[in-house]
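Note that subunit A is present in both complexes that follow, paired respectively with subunit B and with subunit C.
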Partner chain A sequence: MYPKFLLLACIFSFMMTGCVGKVEIDDLALVMAVGLDKGENGAIKVTTQIVRPADARGQTGAPAGQTGDPIWSATAEGDTIFEAIRNLATFSSRRVFWAHNYAIVINEDLAREGIADIIDFFSRNQQLRMRTWVLVTPDSASEVVSTLTGLEVIPGEAVDKLFRYTTISAKSPSTQMLDLQSAYLSDTSQPVLARVQLIKRGVSNKKPGQAGAYEQVDLAGAGVFRKDKLVGILKPEEVRGLLPFIEHVESGVVVLSCPGDAEKKMSIEIKNQSFHVEPSIRDGTPAFATSLVVYGSVVEAGCPFTLSDKKDVKKIEKEMEEKLKEEIELVVKKAQEEYKSDFLELGKVFQNRYPSESREIGNWEDVFPSTLVEVNANVTINDSSILYKPTKSGG
Partner chain B sequence: MKVQITNGMFMALLINMVYAKAIGLTQGSMAREVGNDIWISTIFSTFQGILMIYLLVLIIRRLPNHDVFQHSEILAGKIFGKMVCLLVFIFFLGAFGTIMATFVYHIKDFFLPDAPILLVVVVPFILGVYAIHYGIEVIARMALVGVFSILSLNLLILLGSLSELDIRELLPVFEFGVGRTIWASRHHNTDWAMAFMMAAIILPIVKQQEKWGRAGVAGIVYGGLFIVLWPILEVGVLSAEVTAQYIVSCMQMARSAEIGYFIHRYEMIMIAFFAISILTQVMMTFLCASISIQRLFSLKDYRPVIIPVCLVLTGYSYWFVFDHQRAIKIIETYWVALSMGIAIGLLLLLYILGFIFKKKVKANNKKHPSFR
Partner chain C sequence: MKESMDQKLNHEFKPSLTDNVLLLKEILSNCDDIVFREFVFHEKINEIKGICIYTEGLVNTLEVNEILDLLIYRGKELLATVPSVNLDINLADKVKSEILSKHNIKLLTKVEFAIEGVLSGDSIFILDCTDKVFLASTRGWNERSIEDPATEQVVRGPRDGFNESLRTNTALVRRRIRDPLFKIEAMKVGKKSKTDINIAYLDGTVKEGLVEEVKKRLNHIEIDGIIDSGYIEELIMDAPYSPFTTVLSTERPDKVASSILEGRVAVFVDNSPFVLIVPTYFWQFLQASDDYYTKYMSGTFFRIVRYIAFVISLTLSSIYVMLVSFHQEMIPTALALTIASGREVVPFPVLIEALLMEFSFELMREAGLRMPKPVGQAVSIVGSLIIGQAAVQAGVVSPFMVIIVAVTGISSFAIPNYAGSFSIRLIRFPLLIASGTLGLLGFATMFSLLAIHALTIRSFGEPYLAPATPFVPSDQKDSLVRMPWWKMERQPQLAEGVEDRVGENQRPSPPRAGGTSANSSDQDNSSNN
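Take a look at the complex of A and B:
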């Protein structure tokens, strides 16, 4: 009996070494967002937004930890990202932990020089999630990461929710590490990343007169890449033409002139949208016919308007079709002529339908700028929210 | 009384024996060859697995009370029988390297990067030795739990990835041609080979031999269905290029999964489900290797050789997993040749020998009538 017990005790004591490599939660510096800028002399500057658990608890982030700041931002430089992060350890009292990171913010100057090392580092790191948002910014990424923004206590969480819940604005694509990595590795597609910038939008509650007193992170279009280099920017108003190509669009607002009065405006909310790209081969060259089908709702009218006036409805449907078509054509033109970058994933669509032909046509990068892309839009306005009659003065 | 397991347990063992490595390492290997056609390669391989298990059942049914070693001895003599014992041991030695690569790279690369390899290798050794000491019935019961774990794991990954699934990524089919897609299935065939080599040893102890064929085919079909979900999701969510980048592509899926906005980072739960399946693989490999050595030395029981056999397997696996690049190279090249050579070669040889020495089979069946 005794030797058996001893043997079991030995085995279990060995198996209880599950504690190897354990790190207590209060030994971890939980990174909520990371900013990457160009450092000095070709170095890379890494800024981490690290949560202060004592000051970030509860709904309001009440200053239990006595400092009042829910985050601690720290920056370090190195010749590589890994070295910069290791340099953070020289003054961080806790071990940097990436598993809860919400966003990777890359400065545009750095992105223009190439982000291959960034893609490699963050896709190689076993702690980081592939659903982490990846953004570019014209501002210092360090500033973006250390700015308190949004309603959340933790700014990284605010950026996360900016992308999760504000798909209705359609001002930026929602790009995650997963999308960036797969576009970068693709033979045909090129990466496109969400773009944010700091804008003085916040209004101080203590001094309401000082409108725009402090900076907030604002969705500001998209950054277009060729291979790993940033080659151009799409403005926020141009992003709506891009989104149907790369993600499912839930909503959006189109501002149109009133049918009878060009001075007055009305807003149509996109309620349902479907987009289809049909590839074909014309004279041995790839061609695409895109069709956008939109169902809209009148959510605001600066002029008396009712859906029962079929003539007016037809007019605004036509106007909206033209507008949406123009937006898509503009993005296609930019992709083909200005940036020569297939961030619209047209190459993938063609390859899927014509695999053998796509191998024969050669390098897609060379073919893409000369492909024919036809754009069609079909808008139906079938909803006027809760109003039935037009809003007009009874006098 | 001779230990027997039910047909359900046999099916569960087949499913567990193939699942872990097939979703862990195999899909990445196939993606490096045929891109987004990995799911078609997986289906092809499942069909080949069905054919092989059917052939195996035909072979074992000739002498239903005898395993593959005894078959060899009866058909072609003692020396041939011993050679088969050695070949089967080599097969399971090689198989154990690939199983431990799956286990160690899951645990160490994603959860315990600071843990020494030795620890991650020794823990399954202890569990495996402990389990096979109590025999196949214990492992077979655990395999039944393993099937529910596999179902749960599949359900969790499905729920967490479906929102990101882009079905267009599965197109075009046969991008690299039908021939290359079938050829790529050899990687997955090595997983099925582990299952039917195991079956070649344990089939005589499965009850109701008239149901062997149906249970074997059902085990392969269900196993194939559980597995094929992964390449479909990997291609549809990650893309073939990303799947090909990683050693353990399924973990890349797992760490990207989210159920709604609030349930994410649940790969620890998934790995717990996965562990039952891979530990069943470890245990069965230990058991089959021990039985082959028992038969090699004509011992009455396999228990005396458990520790030395498992030590050899564990020592080899430590060397095997030590270098990621080397391990994957072996899995994708030498292991394919070795495992296909032994598994398919042996079965075909026994099938042919069975035809040639029909009289010996009949004489043996007269001497030792089966329980049919």
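Take a look at the complex of A and C:
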């Protein structure tokens, strides 16, 4: 009797659930990217890039109502982000679903006024992932979000892939919601976000005449924050000095002039790089010694060059050291003097090493601009790809 | 007053032939397949007559004729030496020992045994003026030849399978274990069918009490007839309400032999090519005979493939339904888009879609099985067209669902035991419905329930999920992996474990300089150390 009753109870409990919380995947509006702009009268304008699966995937055997557009951009305004998103529901036929969001794009005007509510909203909502890319743009975020790219069908996916390989170009940091939140919550570090820009480029290989006719999303440096407000921009060429501080960088390309002929150029690819920040206390104030150890490989030489010429190698190593040192020093200077924002996470390094002292030195924001940062670089060039002898005519 | 059948059977034979024949004819009335052949044993003295009774089709007629010849022609010689006055008690014994010594003869006095003998294929010979009856073992009927086991194919390994004859089946196993400790005990089950059942085990290896338990359960059976070993299986299994099978049935004599060597008990049932093996572990259903015959590395690899197939066939459709209708965030984005695009035109919820496809798959499998062979092809063509192509094009199911169901189906076919594959297929449905109605919560609940249930089951005293839970370290040599034979030194935990399975220094190695054979050089080496 008892097991029979148990069995019945089991069967009915499954039948009477009424499928709580069940939403089919085709009833969801999958958001691929979201753009945040300033709306009218202090409102916030949310633009969602929603994928249309049937068009995003050329599905054989399942003819859907294809119109050709892989995405559908929907814009709504509201006093808060949540209200704006709720307003989306007035015209969106499917339920907005955030879990697959690739990127959050914030307009710089909005960022200058503060992004505290954005950080809160996007880390509070359980549907949102902490590994979503967060970027700032000087252009309208809604435009950035709805820009179609040449290679990927879905623009959000294009942004995602753009950031996966940022280390190659080293023009922007790759910043995720997680980094933004942790820097924002930290009492020493300040957030720094990747920055993108719309630049006219060619996207058609058939019509070269169209080159420059379409706007594309380009990596364009980084936006520096103090607390939740955007305070400045790092240019793309300045980002390389920043990257070792906040990311693990393994590669990169440095262009140098040839040892014999300053007119000619050669490229060194960074094969292996290690960066270390050593905190210390000098005369009661924090000081830092950064050391950058780089192993490079000659990938292109505009002049005859061989690794066997130790003098030349020493010369370009020296030149490269100077260059890398300059880059880092420039960023440190900007952080300390121009923006007075510790987006280099130096305070975190100090706090980790000297927890008790860091409590005594007072407000890090006041201390940081005057701390001493020493920059060292050590470059070894030990590889010249598959050419050993110099490339020269008749030689 | 008419006697009942039981009373008639209880009679003893009388010295008068006519009385006996009358009684037997009465008992076997309206049995057209019973043959009564009269003959004259000796015409001179007292006109000794005789009668031979057997069932047509169950006996070897040549043997019957031979016995008749002996009785008729040698009877005279025998009686010439016996004084006619003493023609009473000794006659039967004398005939048995002097004339019919060539044949397997038993002397009977009770009617019941004679009738049973006739109906099982023996023949009886009754002579006048003696109350003893000769029962000659003349069984010989047509049986299917020994063929490939249809349900358990192997690539490497013996190709003989059991047939419907009990003796042939036990002989197939006896040929593999030629040890006096290998015992085969007979019993009969079934009031009407009186089916012969043999219990086979290896004395000294089998655990104490196991054989007694099997016998006890078999003796407890009260049923009119046993048509297949499936009846016995259901009547002796430990968990009658469970979807899991706790008795392994196999058509392979090699599997039975190796199970007996591991200390299990085999139950042979007459008229069934499926031999039952107890106790059974769940994992045995996932182990094929091939594992032991091919090299241990490939054996292990295929075994792991089968374990994966088991997990897939059990959970894949449930996980898909659960992810697509509840936990879309758990699907990688690119895959989510692909699934969503395929589902764009599908009118049903995923659960209904899955049940629909699973049902059509089961339908196709069942139809393909029952159809006459020449028509079978048509089923697969129609089935693959409808389930595969047309259903997707018509927008009834999504292409992804077709893949899921196909992979699930193929995985369930990869499970080597038919009964095992069925129980796994059965428990898939509650899992599917639970995850379609409650998502991950339902899946986890139902899976836990099933796991707890499987943990509680025992098969003839052995935990069903052993040697995984309870974990038996020494038995791991033959569970997830199949260790090489030279590593399997001890008998499994199930057996008494007094004997070692493989001797020492069995790992082969090339001969060293001066050494002659692999093993001797190994031993030389160890003695030098």
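Everything that follows uses one rule, which is that the second predicted complex is superposed on the first by the 366 of 395 C-alpha atoms of A that agree within 3 Å, B and C clash if a C-alpha of one lies under 4 Å from a C-alpha of the other, contacts with A are read in each partner's own complex, and residues count from 1 in each chain.
The rule is short, and it goes like this: contacts are C-beta pairs under 8 Å (C-beta built on N, C-alpha and C of every residue); 3 or more make two chains touch, one makes a residue touch a chain.
A quick note: this is a predicted structure, and the numbers were derived from the prediction, not measured.
Enquirer: Who wins on subunit A residues touched, subunit B or subunit C?
Expert: Greater contact footprint in residues on subunit A: C.
Enquirer: Give one of first, second, both or neither to describe whether A:C10 is in contact with subunit B, with subunit C, with both, or with none.
Expert: It touches subunit C, and subunit B stays clear.
Enquirer: Looking at the overlay, what does A:A99 touch: subunit B (first), subunit C (second), both, or neither?
Expert: A:A99 contacts both subunit B and subunit C.
Enquirer: Is A:S384 in contact with subunit B, with subunit C, with both, or with neither (first, second, both, neither)?
Expert: Neither partner.
Enquirer: Please work out whether A:T188 is in contact with subunit B alone, subunit C alone, both, or neither, and reply first, second, both or neither.
Expert: The answer is neither, since A:T188 touches no partner chain.
Enquirer: In the superposed arrangement, which partner chain does A:N352 touch: subunit B (first), subunit C (second), both, or neither?
Expert: The first partner, subunit B, only.
Enquirer: May I ask you to decide whether A:A54 touches subunit B, subunit C, both, or neither, giving the answer as first, second, both or neither?
Expert: The answer is second: A:A54 touches subunit C but not subunit B.
Enquirer: For A:T175, select first, second, both or neither according to whether it touches subunit B, subunit C, the two together, or no partner.
Expert: The answer is neither, since A:T175 touches no partner chain.
Enquirer: One more residue to check, A:G21. First (subunit B), second (subunit C), both or neither?
Expert: both
Enquirer: A:L30 in the overlay: touching subunit B, subunit C, both, or neither? Say first, second, both or neither.
Expert: Only subunit C; A:L30 stays clear of subunit B.
Enquirer: I'd like to check the shared interface: which positions of subunit A are touched by both subunit B and subunit C across the two complexes?
Expert: Dual-contact residues (subunit A): 14-15, 17, 20-21, 99, 129.
Enquirer: Any idea which subunit B residues touch subunit A in the complex?
Expert: On the subunit B side, the touching residues are 109-110, 112-116, 119, 122-123, 126, 130, 164, 168, 171-172, 174-175, 237-239, 241-242, 245, 252, 255-256, 258, 261, 264-265.
Enquirer: Okay, in this complex, where on subunit C does subunit A touch?
Expert: By the definition above, subunit C touches subunit A via 241, 324-326, 328-329, 331, 333-334, 336-346, 349-351, 389, 392-393, 395, 398-399, 433-434, 436-439, 442, 449.
Enquirer: Residues of subunit A touching subunit B in their complex?
Expert: Residue list for subunit A touching subunit B: 11, 14-15, 17, 20-21, 99, 123, 126, 129-131, 164, 178, 181-182, 185-186, 348-349, 351-355.
Enquirer: Provide the residue numbers of subunit A that touch subunit C in the complex, in ascending order.
Expert: Against subunit C, the touching part of subunit A is residues 3, 10, 14-15, 17, 19-26, 28, 30, 32, 51, 53-54, 56-57, 59-65, 97, 99-100, 102, 127, 129, 154, 157.
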